[in-house]
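What follows is a pair of complexes built around chain A, which joins chain B in one and chain C in the other.
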Partner chain A sequence: MDASKGQKLSGMQKQVLSLYRGFLRAARSKPAEDQRQIESIVSAEFRRNSNQVDRKNFLYVEYLLRLGKKQLDQLKSPDTIGLSSVNVSSCKNQNADT
Partner chain B sequence: MALRAAVLRHIRLPVQTLPAIGTRPQSQRSFLRLFSSHDDHLTKEEVIDRVLDVIKSFPKVDPSKVTPDVHFQKDLGLDSLDNVEIVMALEEEFKLEIPDKEADKIDSCNLAIVYIYNHPMAG
Partner chain C sequence: MATNLIRRAINIKSRVSSSTVYTEAPASRMVLDRPYASEVEAQKVEPKATGGSNMKTFQIYRWNPENPSKPQLQDFKIDLKECGPMVLDALIKIKNEMDPTLTFRRSCREGICGSCAMNIDGCNGLACLTKIESGASETTITPLPHMFVIKDLVVDMTNFYNQYKSIEPWLKRKNPPPAAGKEIPQSRKDRAKLDGMYECILCACCSTSCPSYWWNPESYLGPAALLHANRWISDSRDEYTKERLDAINDEFKLYRCHTILNCARACPKGLNPGKQIQHIKQLQLTAGA
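Here is the complex of A and B:
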């Protein structure tokens, strides 16, 4: 997200911020440690996407928004106590020495 | 129509003569009370101080740059996600719930101070 947005937020930007806010609000209802964990994961995820995803790639952003909303609904359920993220990286440089 | 007439013929309402305004007895005149919550309202200085404290304690902010008219994104180098976080921190400090539409507009210290000062429920 660049800093030149000023006060004119596009509809899509507003949705993203609304989703982010939703996550932070949901985190408040969890115990303190889980709240911190949720906040750090969500914060990192949103920022990573904001740097990597092209702002004009509306389809992908909309997909991420839908995905995020589903995850948020799950998070809001009192049965859910936290979330974690899995980093799947493809190791292309594996040492094949035998 | 006939039914209506038949019913009306059987309904009787007591007729009351309401007392004229000027002739109300003394005991009934004291029911008007003014309620004002202005004594509990925060002073502008208090709002400014607490808002500045919240912003200075934000981890990504350099406290020395924080002034009452500072702009979050333009002056403090924050992004819109940080903006959301700051507004939520202000919500917690002042025990408010700020709707999305208003929260999106708060992007500077000044706007935060004005909004909170004018909010009747700020505490």
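Here is the complex of A and C:
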């Protein structure tokens, strides 16, 4: 049986793990309260994606990796103090007829 | 709108003629006195050119990161008689009337900003400058080749911009300007050396048409960045010429160019990045590198 974590991590898995490590390290440089908030958001996001996203969907995983790297670069800047996310519900807006 | 102006002119003309021809009984002729279009005229709709519609199919690359599946080519049928002549007009029409989720970059609609660069029927170009080919053949619109796609026709340009930043595209001097507080003088001949390089709008059409750039996007600078490097190397006011030449004198940064010259073919502004890269290579030889 293949261990998903353990020996023989694929290149993409290694990239995901190093991105996660990068986020946790960046969180460590922030004040304590923000650190906990960042860690909780980041770990929730990674766990959600690991359950929802198919392992073989390379296109989407690479897209998420690039997105994550950009967000990590922003987080590393000393001006940034935390993360937040907005849930945009996809409601169809009807055009008001004048 | 133009028709209203014409009608206004006709009204004015008829008013003038009625005033000059004074001998005739003015009451017998009903002439519109007001020069402005009346409400009746405003309600009138210009009759469209009658005759059948001219339908054309556009196959557009779609990929949504929110529903991540394989990218698809989606068909859209457009009536060319109700659409502007350029591909960007068709895209906007599709977005307005058929599918508002179609995503693409656009800004100036006149070929100066470089936002709407995409691959139209296999050739890179600006959507706002590429005419829709008349005829029943299908037009295929895909994003710039070999670039990471963010959504539909929008690509990730950060690598391209970082390469442009890496050549330090600003004036660098060691000595203060000869007339303190005033501009650095440059002769017309020296300014003419910059023609063909300063017009670049960084649309990325050339770099994404270069097969060498496809295979080494991170290490090869690409025709656009090298064109700008040459622009600063050839600028007579810049004093860091040797350092600039040394910075790009790298096997990967400069010498991945094998004069494929796809860049000159793709440039929507008619520039020739390949020629400028040749110029840099010649300078490298004479600079004794």
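Please note the rule applied: the second predicted complex is superposed on the first by the 83 of 98 C-alpha atoms of A that agree within 3 Å, B and C clash if a C-alpha of one lies under 4 Å from a C-alpha of the other, contacts with A are read in each partner's own complex, and residues count from 1 in each chain.
Basically, a residue touches a chain if its C-beta (ideal position, glycine included) is under 8 Å from a C-beta of that chain, and two chains touch if they have at least 3 such contacts.
Here the structure is a predicted model, which means the values were calculated and not measured.
K.L.:
So, does A:57 touch the first partner chain B, the second partner chain C, both, or neither?
P.N.:
It touches chain C, and chain B stays clear.
K.L.:
Between chain B (first) and chain C (second), which, if any, makes contact with A:20: first, second, both or neither?
P.N.:
A:20 contacts chain B only, not chain C.
K.L.:
Who does A:44 touch here: chain B (first), chain C (second), both, or neither?
P.N.:
neither
K.L.:
Where does A:66 make contact in the superposed view: on chain B (first), on chain C (second), on both, or on neither?
P.N.:
Once the two structures are laid over each other on A, A:66 reaches chain C alone.
K.L.:
Check whether A:81 is in contact with chain B, with chain C, with both or with neither, and answer first, second, both or neither.
P.N.:
neither
K.L.:
Which one hits more chain A residues, chain B or chain C?
P.N.:
The partner that reaches more residues of chain A in the superposed model: B.
K.L.:
Where does A:9 make contact in the superposed view: on chain B (first), on chain C (second), on both, or on neither?
P.N.:
In the superposed model, A:9 contacts chain B only, not chain C.
K.L.:
If I apply the document's touch criterion, which positions on chain A are contacted by chain B in one structure and by chain C in the other?
P.N.:
Common interface on chain A, chain B vs chain C: nothing in common.
K.L.:
So in the complex, which bits of chain A are touching chain B?
P.N.:
Residues in contact with chain B: 1-3, 5-7, 9, 13-14, 17-18, 20-21, 24-25, 43, 46-47, 50.
K.L.:
Quick one: in the complex, what on chain C touches chain A?
P.N.:
63, 65, 68, 70-71, 148-150, 156, 158
K.L.:
Under the touch definition given earlier, write down the residues of chain A that touch chain C in their complex.
P.N.:
That would be residues 53, 57, 59-60, 62-63, 66, 70 of chain A.
K.L.:
Within their complex, state which residues of chain B touch chain A.
P.N.:
For this pair, the touching residues of chain B are 73-74, 77-81, 83-85, 88, 100, 103-105, 107.
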